[in-house]
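Heads up, the thing below is written out as structure tokens.
Each chain carries a letter (A, B, C and D) given by its place in the written order, and its residues are counted from 1.
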Amino acid sequence: MQELGKAEHSSVRVTPKGDNRVIIEKDISSEEMILNMGPQHPSTHGVLRLECKTDGEVVIEAEPYLGYLHRCFEKHAEMVDYPGVVPFVDRMDYLASMNSDFAFCIAVEKLLDVEIPRRVEFIRVIVSEFNRIASHLVAIGTYAIDLGAFTPFLFCFRDREHILNLLEWTSGARMLYNYILIGGVAYDFPEGFKERALEFVKYFRPKALELQKLLTENEIFVKRTKGIGMMPADVAINYGWSGPMLRGSGVEWDLRKEDAYSIYPELDFKVCVPDGRFSDIGDCLSRHLVRAMEMEESLNIIEQSLEMMPEEDGFDPRAAIPKRIRPKAGEVYGRAENPRGELGFYIQSDGKSTSPLRCKARSSCFVNLSAMKELSLGQLIPDLVSIIGSIDIVLGEVDR
Amino acid sequence: MSTGALLPNSFPLVMSTNLNAWSDALSELHLFGMPFGLIIIAAIPLVFIALYALTYGVYGERKISAFMQDRLGPMEVGKWGILQTLADILKLLQKEDIVNKSADKFLFVIGPGILFVGAFLAFAVLPFGPAFIGADLNVGLFYAIGIVALEVVGILAAGWGSNNKWALYGAIRSVAQIVSYEIPAAIAILCGAMMAGTLSMQQFNLLQQGEYGFLHFFLFQNPIAWLPFIIYFIASLAETNRAPFDIPEAESELVAGYFTEYTGMKFAVIFLAEYGSMFMVSAIISIVFLGGWNSPLPNIGPLSLNDWTTGPVWGAFWIVMKGFFFIFVQMWLRWTLPRLRVDQLMHLCWKVLTPFAFVAFVLIAVWEIYVK
Amino acid sequence: MGDTQENIPQSGEVIAAKAVWQVINEKFGDAVSELDENPFMPFFEVLKREQWRDIALFMRDNPKLRFTYMACLSGVDYPEERKLGIVCNLESLGELGHRIAVKVKCDREGGIIPSVAKVWKTADWHEREAYDMYGMEFSGHPDLRRILCPEDWEGYPLRKDYQVQETYHGIKVPE
Amino acid sequence: MGLLDAKISKHNVLVTSVDNVMNWARLSSLWPMGFGLACCAIEMMATNASNYDLERFGIFPRASPRQSDLMIVAGTVTMKMAERVIRLYEQMPEPRYVLSMGSCSNCGGPYWKHGYHVLKGVDRIIPVDVYVPGCPPRPESLIGGLMKVQELIRMEQIGISRAEALKKLEEKSIDPGQLIQAARKGAIAS
């Protein structure tokens, strides 16, 4: 058994690999400067604030400050009824609303006794995977901006717009859908959705390749990301990392496989982990690669599910939705794989009221970001920006 | 061809193609006892910078970047948005001029001034065609390199005077970068000077003149010249703070770099200076390696393209076009590549470009002595 | 989620949780309560909360348990019992695959729970959040400050009897 | 009103045309501060990106508040953020405009009732010129809001205050409902 004090710093030190990390020789005495980064700063992805103690270009320590977007999700969840929580869930991770709704509905449906129609499961998976691609596109695009390349960002947003159009056609909203409801979805797919979706898949494959060429195969991009922000797998697990961040550290862990929820066990897709040929396992480049590969996998999932989806005429996706949602007393922790990692909901119900007694959102970004302090030790300011970008935070989910 | 041979009785302003005929004639023009011609000579580069920055520099950059990014760029302000930069400048004129309470007021105000003067003074030795040059110094090239380096002082003054941490970071980075890259740039230019055997800007052009057009350019005369050419181009990107070396104003890291605190007209002046020096380095590279105002077209039998496209006005056309071409390449790189890190930038400068520049220097010397 | 697919892994989950609980019960005896064998989220409660940190370390490092991953730590308010508490969802990620939930309770006013931030680093920020929202202290936490609300915020927002303050720095807060 | 103001407010031809040119310059190059708070910021980014391309109108985001004319408050302003928003507003040089984008910054939006940490409307701390409703507003409506800011600038003159300009805009503004109705009628007729 490890001693408490030691456990904290036993495996902290990041071992530099390759020649990409700078070694700073400190023989000139210099003064430290406190540099405040954010809440309004182009590279903090919203309103994160970092208080950096710097020595020249070197960040000695960066302390994140959160809460600039604390919108009291958990209070609202206790105040409104179960279906009313869904819009607030939307607004938590606003880049992947479908996935967030999915996670929340999984948690509530565990407590409720409802049979979900098979077609609904397919609809849910398809829209979630579309949203996953859209979210990764934003992540990759903004990461490119952080590293100084502006054009890939616009390419990403151009392609994302196609997904938003598809989802808007289905749900009626561009970003915050309120589409996946407890026990069903709001509407069936519109007529001709399958063709348009397949058309998008066909359109997007070469575009993803183009993006790879612009970024991943770019020498400067690799130089800026390879070997930066190293995180060994055991420390990553101890930090509670999940999603692309954990997979970037080489852990083959995907809730779609592990929890096997919805129809994912029937689908053929692989868990993307970097193979270490192109990047050092656990660095910023690995995380970027995982996201890039996951877009491909999502396309595969979409294609398969569109093929396998049962066709039903006059299908009512709201049929299974209970009239009055009042789960039996109990506690549940339900979770799903979000683009940023594991989004879990701890819900406590007393069996009497129609609103949860307690609803805690376990946000993936919040947990992933908590390693920021350790990752930033002794990095340069440009590397700090690179690391924040690779964590891919959405402040709405961090602060909730 | 002789230099500076003036025919006093002809109409040099209209038809003479003699070297520096227009500028020499202008410099002797006096009105009401004032050296009116000199003022015009001084005003021409100024007007040129302003016009070029307004049209090609800012508007062109916005359009080019937009087309690269699947967009349209400015469209609504005037036809195809051509009045966009004019509106920007007029607006910046109207903005409140903020000087921080905690700023060093003298440095804060003088910073943009030095920047602009530095960028502008270099144009004195820039030959706008065979018939016009501000000052045909015999050390013109040396002067141009030296005066562009004056910008460093302006940037440091602006960054330090702002009393803003981001501006300070930007200024320090910029100074380190520009001072370092002066070395490979200067050595690469020296290679050109060795090939020419002169430092006068006009002489460079004359030496690359000939009926076979581009074949007379130093770049095609000497196979080794490609090496200093590429080194100088990379170094010039760093000297003008363009991507992938735009770390002094790295938007995602340093907000806006050394001009974070500048508002209104001061900001516009900094921008103008930046575009001015962008053109200057592009002009230097085209003069030293690509024949300056000489037409690149060769005479092919009866088609004497070279003769047809040579003359004072054609000269101005060619040098501006060559400059614009390099600016286009700069923009192209800027909108494609990510940004390097500070230490990688220095690594590139000291461990790659500088040794290669020395190698090029020696090789060119050997070529000039033994091969040519 | 379909019921038919649901039941099989869930019952397995309860069986695994029971095995886990037995190992812990052997070591700590009275310090832990009986296992609540509900199908949604099997959990046990730490009755002697001083021992919570030891239990946590045991759960992380014992080769039969290996709870390497803390999925979630939620603060909870129990107004009827006049208590506050935390619920931890633990999992053996990638090794043994089982999961279990642990509850720790403390007094409503001035309650102290041992911190497990040095056992699972995930707990660091989650405990800060629980402190921010409910106001229980975590002894041994490296940096116990408010995390989401401002430092000078009044009250603990997620307590059931929370009354929102009227103004904050001169800005009107409610409606 | 000072003597000069009185002279100027007579609005002779010269002053008015200078006004027009100056207003044209300002409305043609509105540089917003690249400042995103929440969900609306993503829609703002989408509006800046290729498909909607705000640069068509000369709108070009700047990272530094010192170089921007317009503040788009895109998203929920929380109590913790409120003081920073005020400071950012104060750092902008005059003439400056504020566009409140989305329900959250208009009035608190869905967080109106139970959002203890949410500022119920950014107009409680800084003056807002144009409100854009929506949660989040579509890029089209953001562009519509920016057009409204341009209209407001068009109403401004030397010697009249922002409040008067707003009043003028209110009087002169065109009701889009009528235009839509007319277009619809035309469509039905044809």
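Simple rule for what comes next: a residue touches a chain if its C-beta (ideal position, glycine included) is under 8 Å from a C-beta of that chain, and two chains touch if they have at least 3 such contacts.
These numbers come from a predicted model, not from an experiment.
Looking at subunit A and subunit B, the chains that touch each of them are D. With steps allowed only between chains in touch, the distance from subunit B over to subunit C comes to 2.
Of all chain pairs, the one linked by the largest number of contacting C-beta pairs is A-C. Centre-to-centre, using mean CA coordinates, subunit C is 46 Å away from subunit D. Taking each chain's centre as the average of its CA atoms, subunit A and subunit C sit 23 Å apart. Mean C-alpha position of subunit B lies 39 Å from that of subunit D. Annotation: 32 Å between the Cα-based centres of subunit A and subunit D.
Within subunit D, residues 50, 63, 80, 113, 116-117 each touch two or more of the remaining chains.
Counting partner chains per residue, subunit A shows two or more touched chains at residues 42, 67, 70, 72, 75, 154-155, 158.
Within subunit B, residues 69-71, 251, 255 each touch two or more of the remaining chains.
Pairs of chains in mutual contact: A-B, A-C, A-D, B-D, C-D. Residues 22, 33, 35-36, 41-43, 57, 144-151, 154-155, 158, 214-215, 218, 220-221, 223-224, 380-383, 385 of subunit A are the ones that touch subunit B when the two sit in their complex.
For subunit D in complex with subunit A, the touching residues are 33-39, 41-43, 45-46, 49-51, 63, 65, 75-76, 78, 80-81, 84, 88, 110-111, 113-118, 135-136, 138. Residue ranges on subunit C touching subunit A, taken from their complex, read 1-3, 5-6, 9, 38, 40-41, 43, 53, 57-58, 61, 68-72, 74-77, 87, 89, 93-94, 97, 101, 118-122, 124-126, 133, 140, 142, 146-150, 157-158.
Residues 1-2, 4-5, 7-8, 66-67, 70, 72, 74-75, 78, 106, 109-111, 113, 115-116, 121, 234-235, 237-240, 251-253, 258, 260-262, 265, 330-333, 335, 342, 344, 346, 348, 358, 360, 362, 366-367, 370-371, 399-400 of subunit A are the ones that touch subunit C when the two sit in their complex. Chain contact summary for the complex, subunit D toward subunit B: residues 21-22, 24-26, 28-29, 50, 53, 55-58, 60, 62-64, 66-67, 69, 93-95.
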